[in-house]
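So, here's a batch of structures to check.
In the two complexes below, subunit A is the common chain; its partner is subunit B in one and subunit C in the other.
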Partner chain A sequence: MNPYVLMILISSLGIGTTLTFMSSHWLLAWMGLEINTLAIIPLMAQQHHPRAVEATTKYFLTQATAAAMILFASTTNAWMTGEWNIQQLSHSPSTTLVTFALALKIGLAPMHFWMPEVMQGLDLTTGLIMATWQKLAPFAIIYQISSTTNPTLLTTLGILSTLVGGWGGLNQTQLRKILAYSSIAHMGWMIIILQFMPKLTLLNLMIYIIMTSAMFMMFKYNNATKINYLTLTWSKSPVLATLTMPMLLSLGGLPPLTGFMPKWLILQELTKQNLAITASIMALATLLSLFFYLRLCYAMTLTLSPNTTNTSSTWRIKSPQMTMPLATISTLTIMLLPITPTIFSLIM
Partner chain B sequence: MTPVHFSFSAAFILGLMGLAFHRTHLLSALLCLEGMMLSLFIALSMWSLQLESMSYATTPVLLLAFSACEASAGLALLVAATRTHGTSHLQNLNLLQC
Partner chain C sequence: MVYLVFLFLLGLVLGLIAVASNPAPFFGAFGLVVAAAFGCGILVVYGGSFLSLILFLIYLGGMMVVFAYSAALAAEPYPETWGAWSVLVYVIVSVIGVLGAGYWFVGEWDKFMWVAEEFMELGVLRGDFSGVALVYDLGGGMLIVCGWVLLLTLFVVLELIRGMGRGCLRAI
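Moving on, here comes the complex of A and B:
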């Protein structure tokens, strides 16, 4: 792609998200979402092969529908109450409609079917943008409407997407689909806490973005798109292969690692709100996700590739890819738990 | 609910239903999207006309500009999908399923 065009597209992505962050008016927030969608479409379709075009078409249809639904709900709210402010969405049917539209945009459970397929059609860099940056703008709106949305709806969406995210990933061998299902499960955790403590949603989003970028960068470094490619990574870069195991367990939320922090705080808050059953269901549903992360760990560190390997390690050519971001972000993915009080007090 | 409100809501919901349940051609999905956008255009322009507020008079035009961009992106994707898949049937977009 022409570098000037690429620059325009990347800056439009930035501008779209910034516009949604800045706006308190529904129309401007909608414009930001639309700019975001329109800017990533050429990036997704730049390798002109059938899978990329198919993924782009599916992404376009879902995102355009979701954006139109958001604007319709806010227009209905304006007709009923005369108010365009995001935080004052008081008409109850339009609140529900906005929640559904935003759930479609970020891929929460009953509306998640586009997410794995779209992720599968992209290359890993665009997939990284899709899993991280494209979530920010919808979450800016979700955070602002958190006080007016229907609590039952939010709980249902949260539990359902944690279950579906865990369950759907069990059957997959493609890494990008596994990451998409892991994204669905993490979105469920973010939504379940939204009504009680919206700050924790932001904390979970931040930690999720760190962890999933580390995974995408690691897969990009090894050019891995299937589980059986992972069995060869030890011969390419043994240290990274070893490091990936705690990264995956952190994504699954095991205690001495970063991924445990949001789950811990969310479970604590849910228990404080006398929702022990919800908390137990969430914790048990995460075990499903943990199973497929463990399967990835097993494939990476405990098995050999089914191919014949003539040498025990491949020739170490210096990789042209940048490793500094990967090193930083994988350290963050593994070792952030001890500074939980600092992060918690920063975000509160 | 005023008659104007009812009519644009009905138009939008019809468009949404068409997009959700009538899934043969990509072009018909794009037409449904465009119908939804036009009903929103009516809604915004009627709102600013009824309230006679000058500051909201530009919003329908902004909406129209964005929906035109969206429609052109959709048509470009229609062309791309036809070139890679051979048809524009939505049933043929099944390479990524598992």
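Moving on, here comes the complex of A and C:
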């Protein structure tokens, strides 16, 4: 790709999200979302590989549908109430429609079907952008409409996503699909708490972005896209393979790792709201996710590969990839729990 | 006038059915053009002549690009259309759907009517002219962003279909 075009696309990718962040007007927010979608499409189809093009087409169709639904709902709201402000979405059908559209955009169950397939068609760097940066703009809107959305709908979306994310990931051997299902499950946690304490949604999003970036960077460093590649990573970089186990368990939400923090706070808040059953269902549904994280751990660090290994470690030359971001973000993924009060006060 | 409105409405619905039912991009794009033309006619009847002119010019300009791209990317030697049974089924289903919707909404039809020419109060400007002025006055920054989006779309499309053999979006 021409560097000038690449520059235009990447800056538009940033500008789109920024526009959505700064807008209080539905039309501008919609434009930001559209710029965001349009700018990532050539980046996804960069290799012109049939799988990448297929994924790009699927992504474009879903995102265009979601954006059209957002536009339709916000126009209907303006028609009925004369109000374009994002936080003043008071017309009930429009609110529901916008919630569904945003759920489609971020891939919440039952609108999640595009997510694993799109993720599987991309390379790991683009997948990293998809799982992190592309979630920010929709969440900026979700956060703003949180006070007007239908609570039953949010709870249903949240519980369904966590369940589907866990169940869908169980039988997968492809790492990108597993990460997509992991994303769906985490989105469920973010949505379930949205109506009670939107700040926790932001906290969970932040922590999720840190954790999933660490996983994508680790897979990128090892050039691994399937579970059976993972069994050989210990000979390529033993330290990283060792560190990956706590990283995966952090993604699964085990104490005393970073991933426990949002789950802890969300469960506490749900319990405070007298929603013990919802809290229990969420916690139990996450066990499904934990199972496939554990499977990855098992393949990577807890077992020896069935291959014949002639040497204890492969010949290692200095990697051309940047290791500093990976080191930083994997440290954050593992060790952030003790500073929970600081992060909490930062968010509040 | 009533017959003219009837003709326009019929053309709009038939054009949209053509868009919905045709698998070939040629006829789909053609149906969209028909629908746009008759829709603009309806707008003229309701008083929005300037609005209709703008819509017709811009929409048909866009449609020409869509037609050119779809013809270049997915041209078929023997495209199927309303004569074929597989397409005719869709047409019949669409017609039944339209009739059903019409039957459902027939009592409240006049709720959705309005005049595009003027506002409720007394004014010296036509509604559609002053609307354009208002858009440029209040939404100038938004229009600049819109222009940027269109330019970005151009870059995106060019980047996606660049390269004869490599661009696998092409069917030919």
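Operating definition for what follows: the second predicted complex is superposed on the first by the 347 of 348 C-alpha atoms of A that agree within 3 Å, B and C clash if a C-alpha of one lies under 4 Å from a C-alpha of the other, contacts with A are read in each partner's own complex, and residues count from 1 in each chain.
By our rule, contacts are C-beta pairs under 8 Å (C-beta built on N, C-alpha and C of every residue); 3 or more make two chains touch, one makes a residue touch a chain.
From a predicted model like this one, the values you see are computed outputs, not experimental measurements.
K.L.:
For A:Pro50, decide between first (touching subunit B), second (touching subunit C), both and neither.
P.N.:
both
K.L.:
A:Ala39 in the overlay: touching subunit B, subunit C, both, or neither? Say first, second, both or neither.
P.N.:
second
K.L.:
Taking the superposition on A as described, I'd like to know which of subunit B and subunit C A:Thr76 touches: first, second, both or neither.
P.N.:
first
K.L.:
Under the stated touch criterion, which partner chain does A:Asn222 make contact with: subunit B (first), subunit C (second), both, or neither?
P.N.:
Neither partner.
K.L.:
Using the touch definition from the top, say if A:Leu19 reaches subunit B (first), subunit C (second), both or neither.
P.N.:
Touch partner of A:Leu19: subunit C, not subunit B.
K.L.:
Have a look and say if subunit B or subunit C is in touch with more residues of subunit A.
P.N.:
B
K.L.:
Contacts for A:Thr126 in the overlay, against subunit B (first) and subunit C (second): which applies, first, second, both or neither?
P.N.:
Neither subunit B nor subunit C is touched by A:Thr126.
K.L.:
What is the contact status of A:Thr233 with respect to subunit B (first) and subunit C (second): first, second, both, or neither?
P.N.:
neither
K.L.:
Is A:Asn171 contacted by the first partner subunit B, the second partner subunit C, both or neither?
P.N.:
first
K.L.:
Does the superposition put A:Ile8 against subunit B (first), subunit C (second), both, or neither?
P.N.:
A:Ile8: touches subunit C, not subunit B.
K.L.:
For subunit A, which residues belong to both interfaces, subunit B and subunit C?
P.N.:
Residues 27, 31, 34, 38, 41, 45, 48-50, 53, 56-57 of subunit A touch both subunit B and subunit C.
K.L.:
What residues on subunit A touch subunit C, complex-wise?
P.N.:
Contacts found on subunit A: 1, 5, 8-9, 12, 19, 27-28, 31, 34-35, 38-39, 41-42, 45, 48-50, 53, 56-57.
K.L.:
How about subunit A: which of its residues touch subunit B in the complex?
P.N.:
Residues 27, 31, 34, 37-38, 41, 45, 48-51, 53-58, 60-61, 64-65, 68-69, 71-72, 75-76, 78-79, 82, 116-118, 120-121, 171-172, 174, 177.
K.L.:
Taking the touch rule as given, give the residues of subunit B at its contact with subunit A in the complex, in rising order.
P.N.:
Checking each residue of subunit B against subunit A gives 2, 5, 9, 12, 16, 19, 26, 29, 33, 36-37, 39-40, 43-44, 47, 51, 59, 62-63, 66, 69-70, 73-74, 77, 80-81, 84-85, 93, 95-98.
K.L.:
Any idea which subunit C residues touch subunit A in the complex?
P.N.:
So the residues of subunit C touching subunit A come out as 142, 145-146, 148-149, 152-153, 155-156, 159-160, 163, 166-169.
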